[in-house]
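Labels for the chains are A, B and C, by order of writing; each one numbers its residues from 1.
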Amino acid sequence: MNNEKLIELRSISKSYDGEKVLRSIDLDIHKKEFVTLLGPSGCGKTTTLRIIAGFENPDEGEVIFEGKKINEIPPYKRHINTVFQRYALFPNLNVYENIAFGLRLKKLSDEEIKQRVSEMLALVNLKGFEKRDVTSLSGGQQQRVAIARALINKPEVLLLDEPLGALDLKLRKDMQVELKRMQRQTGITFVYVTHDQEEALSMSDTVVVMANGEIQQIGTPEKIYNEPENAFVADFIGESNIVNGTMIKDYLVSFAGQTFTCEDAGFAPGEPVDVVVRPEDIDIVPVENCMLTGKVTSVTFKGDYYEIIVDIDNFKWMIETTDRVKPGQTIGISIDPYEIQVMKKSEFSGMFGDYSTFSDEMEHLSELPAEDAE
Amino acid sequence: MTATVKKSRRSLTAAPHIVWAILFIIAPLIFVAVYSFTASDGSFTFENFAALGDYTDAFVRSASYSLIATFICLLIGYPLAYAISNAAPKMQRILIMMVMLPMWINFLIRTYAIMKILEDTGIINTVLQAIFGEEFELHMINTPGAVIFGMVYDYLPYMVLPIYTVLQKLDPKLSEAAADLGCNKVQTLFKVTLPLSVSGIVSGITMVFVPSISTFYISQKLGGGQYLLIGDAIETAFGNTTTYNIGASMSLVLMIIVLLSTAIMNRFDKSENEGGAIV
Amino acid sequence: MTRVKSKNSAISKIYAILIYVILYFPIAVMILFSFNDSKSMTNFTGFSLRWYRELFNSGKAFEALKYSLLIAVLSALISTVIGTLAAYGIFHMRSKALKRTVQSVTDIPMMNPDIVTGISMLLLFAFIQVIFGLQKSLLGFGTLLIAHITFNVPYVILSVLPKLKQMDKSLVEAALDLGCTPAQSFFKVEFPMITPGIISGAIMAFTLSLDDFVISNFTIGNTFETLPIMIYSMTKREVTPDMNAICSIVFVVIFALLLLSNIFDGSRSAAASITEKLRKNSKVTAIVAGCVAAVLLVGSTLLFIFAPPPAELTLNIYNWGEYISDGSDDSFDVIEGFEEWYEETYGKKVKVNYTTYSSNEDMYNKISSGATEYDIIIPSDYMIAKMASEGMLEKLDFSLIPNYKYINDDLKGLYYDPDECYSVPYTYGVFGIIYNSAKVDEADVEAGWDLMTNPKYSGKILQYNNPRDAFGVAMYAQNLDVNSKDRAVWQQAFDWLAKQKPMVQSYVMDEIYNKMESGEAYISSYYAGDFLFMYENNEDLAFYQPEAVNYFIDAMCITKKPTRDAETYELCNLFINYMLSEEAAVANAEMLCYASPNSLVIENEEYIEYMSDIHEDAMDILYPEGLDFKAKYEQYAYLGLDAETNKLMNSLWSQLKVSAEEDEVEITNYISLGILAVIAGTAVFFFIRKKKRAKYY
């Protein structure tokens, strides 16, 4: 990855039927970068991708590619290729011809096409599948054909729209690794759209978290996870306890009726803030030398740890621990200063981070893809 | 065991249809064959087929006219179906309904109306004469062109409907994918949309070709009886018991021509039962 | 959802609009002229609801519509039941071979040209009739219904089968699991799931049946008419604007229904939404199923009521089109008059079935095919001779026909019926040349028959669409004997016709009225009486009578029918006698404009006045003074042709009609060859390219 900007989005806005889908998006994508647009359905990530591909025109703003504005350039003239959500393979062509599609348009010789197709088939591990009918392939295989079909054109950028959404968990994990490998091998910039935070964190160089048509945070996976900028990001990436707090002064924040040292500075003294503590960062300690005490309301066995919900000062916290506790038991907890992340108040404050109505099922429901609505 | 018994018992519900089909589909066709191989006194003969030589022109003419009409229908109908399938969804329903609507007027009346329009003293010529003077006359009726126009007019909806049905089911992502891979509009049409709508084209062609090649009313009204088609010859033959046999042999040959061309057409269409030929 | 909007959308819009305009232009014309004040379909003379009034006043169109609807409803219901059961059965068939066979057989009526399906059924019914030695033709309501069901069932299967295939198999298992018996699971689960397919199949069957003409044409017989059949027989002569009116009504109703369904239902077609409602409520489904069963029951009862005519006396009359005074234009309805007279005199109801033909040959073919049954026919002289010699005519009982005495003695005992036992003259006359005096130079007319081959009028000449008359014209024109048995003579006539063919606008029978009246054609040969008829509508027309022309007599006869009982036989004779009564004969003569052989007519003052009103020379044209009819008749009239000559004539005729003109062959055949070449070329190109590419896989 270098710092040369490849694609720049400048104040992109877009609405459908009067409904704003994108509100003034600014985004830089660098060469050889693996960028993931992450967000819940309807956040505008697919629209952003389609604007880059050229399938949509922004209402306002500029799309800049290698320093040139490309708003008016139709998709077929952009050096950008797309891997579609449901592959969009041409059912009338076999695997070979699907992959060769772009090269045929360039009127390359049959020999050259054969050579490049073989390379691609090797890249996506589909050697020997040339004559197969694409409709007879499994989802994962179709996905590989779709990727090969796009990559063979040697695009500057490959756009991937939830490419793994239709695959089962095991296959998804394998493909994640493979995609990353292919990206490294080809050195092509990948712009990847997903609603799966785990996928985003494990594959990307840069994660762009989006919600309500706006970018919430841009950063490396570590930064996004460890230093979420607002309650939305904190909640969307992993589990978080988000509580109201007040910044007393730099490196000192109060919440849950106690004052804690932290590593954040730059807030006005007395400023109300959101405080994030990840469930796995909370230690259970004897009540005598604890920072906070709370009453355990539920315990769920998760295999390598227990997930417990603790009522602290009428706020339900989630704690992941290996210690055995019992519901009804009063426990003491302790949080290290570097585990406390202080964030500015945002429109999302108070919407997330309380586990009083938490259940696994709810979590899954909220994650169901509903991209079709877009 | 009981499951198999039940299964076979279930298929018994097809029995009335099978009996009906044997009585009223297969038996009549057998009679067509029987009549075409017998003389009017009932003796076996090949004479009817030998006599078909007299009708070679009618066969060739029917084949030519219907082929041209089908081709024109395709040339006109495909772009129309394509345009409709690209319209806004609400508009699509109205547009496709408007294609179907004329089919609710009996084709006899539609053909008659065309005759009245194309005649030398018809509406078009009346208007033209009002513009270019009394002497002007654009002769249209009773020409091969008029017969072919009648076929195109009467059967165009049969071409548009199946093509539209297929186009409308096409995943719009496929044309996006084509554009993404470097196809411009025209290339997308010819490399992706067209190949993927072959099944619609095939049923459209069949649905236009079959009634065109066997029509007799259109040629009677718009051809003035000058351009005898095989349908006319069959209809005339069946007006008279003494010519039932030659009529049967003409029908048999017509049937074979149609079934053969349908079979050839279907070879172009790999996807089975995909069709959606029927609305 | 295509967001890539076409930049060429303006072009495609214009294109679509153009196609729609062409598509709707004829329909618009039809609707417009349904409001025309006059009969014309080219000149709009003024707005009027006249044709709508006539439509509602005349029962004929509604009668036909009633039969159309009845057939459509019955065939749709029965084929829906058979088709749904069949689809269910086919779906559950275990033997793949059987399944495939049944499905291919099912496809036959859909793939076959309609005309082949129609004639194949006609042959079946004709064969059954022959095998069982039935006197009465099978063709009628029953056969039409069978034919419609036959072509409807495949469409029902086609729309039900996919629904069965789409159905999740575990649904039935779930139903069984939850305690349904197999029967219950069918009615509670499977049936509701396939209901949309059943309903759309039924609607399709109804529509197809309502609209069918071709198959009906061969299987309907002659006891009744459906709307398309009625339109067909009308377009043989002229579609009266009340047909435009009925079609306009149908069009507007359908249009409104579609519009409504579109407004009320955002996303689905009306049928789908109905079915969805049905599916939601199994009680409704049960009720609907009950209704279907009830309607079926009622339908089949109706079938029995309609199929055999009610047990009163019936008289089947088979006559030329427009060849009787039928009550139109305030004339006296002779048929009704007879029915009333008979009921008054004999106290018994008689039902007269009246059907028409357009040529002697058509009539002969129908009767000799045995496919139909008639009591009274009115053939021309030569045909009477032919039919009498073939034993197809019944002797008349002249004791029941006292009015025979009014018949002109010149017309009695002529060659075709020398013993005066088979026929009673109805009309007689002569043909000549009818021409449009505004378009044809009088000087050219003097040439007599040669006018019909005058290149000056190429494309404006009409010729008979039947061999006897067409060859007759050719023979009179060359002073040949129309009854010759000499091949060479016929060949000479053929050459004349072949030479004339490129100049002929069309070969017509009754369409001649329309084409001459509208000025579409300028020259034709037709009968003097018809000339007067046409003159009423176009005063530019004039009549020229060459020396050598055909003289003809049409006479009433009774067909041979062994099954006819004595009472009906008497009825037949009484009808003929009634036709000779002053009231009926004058009404007919005024309606037909042909010469009447009946002295009661010729001496009727009112009749003479009526004819002179039509054309000042009408009486002279019809009844030329000093004409020795018998002599002329014996010289020029058609005699029956022997089988060999007849065959020769027919074969020359089909040669004339079939043979292609030189230039025609060039254009269309080359175009179609070109198309074939393009198709083949494309196919070969893609085949080769595919092969070439496949080498690299």
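As a convention for this text, contacts are C-beta pairs under 8 Å (C-beta built on N, C-alpha and C of every residue); 3 or more make two chains touch, one makes a residue touch a chain.
What you are looking at is a predicted structure, and each value in this text was computed from that prediction instead of being measured.
*Asks:* Looking at chain pairs A-B and A-C, which one is connected by more C-beta pairs in contact?
*Replies:* When A-C is set beside A-B, the one with more contacts is A-B.
*Asks:* Taking each chain's centre as the mean of its C-alpha atoms, which one lies nearest the mean of all protein C-alpha atoms here?
*Replies:* Measuring from the global C-alpha mean, the nearest chain centre belongs to B.
*Asks:* Please report how many Å separate the Cα centroid of subunit B from that of subunit C, as a whole number.
*Replies:* 21
*Asks:* Please tell me the distance, in whole Å, between the geometric centres of subunit A and subunit B computed from their C-alpha atoms.
*Replies:* The mean C-alpha positions of subunit A and subunit B differ by 55 Å.
*Asks:* Per the centroid of Cα atoms for each chain, what is the distance between subunit A and subunit C, given in Å?
*Replies:* 73
*Asks:* Could you check subunit A for residues that touch two or more other chains and list them?
*Replies:* Subunit A, residues with two or more chain partners: 55, 75.
*Asks:* Using the touch rule from the top of the page, what residues of subunit B touch 2 or more other chains?
*Replies:* If we look for residues of subunit B contacting two or more partner chains, we find 176, 179.
*Asks:* Which subunit C residues touch at least two other chains?
*Replies:* Within subunit C, the residues that touch at least two other chains are 3-4.
*Asks:* Could you pull out which subunit B residues touch subunit C in their complex?
*Replies:* It comes out as residues 4, 6-8, 10-18, 20-21, 24-29, 31-32, 35, 54-55, 57-58, 60-61, 63-65, 67-68, 71, 76, 79-80, 82-84, 86, 93-95, 97-99, 101-110, 112-114, 116-117, 119-123, 126, 139, 141-142, 144, 148, 153, 156, 172, 175-176, 179, 185, 206, 210-211, 213-214, 216-217, 221, 223-228, 231, 233-235, 238-242, 244, 247-248, 251, 254-255, 258-259, 262, 268, 273, 278.
*Asks:* Would you mind writing out the residues of subunit A in touch with subunit C in their complex?
*Replies:* Those in contact with subunit C are residues 50, 55-56, 75, 94, 96-97, 110-111, 113-114, 130-131.
*Asks:* How about subunit C: which of its residues touch subunit A in the complex?
*Replies:* 3-4, 692-694, 696-697
*Asks:* Could you pull out which subunit A residues touch subunit B in their complex?
*Replies:* Residue positions touching the partner: 53-55, 74-76, 80-82, 84-86, 88-92, 101-102, 105-106, 149-150, 153.
*Asks:* Could you pull out which subunit B residues touch subunit A in their complex?
*Replies:* 171, 173-174, 176-184, 187, 191-192, 195-196, 198, 270
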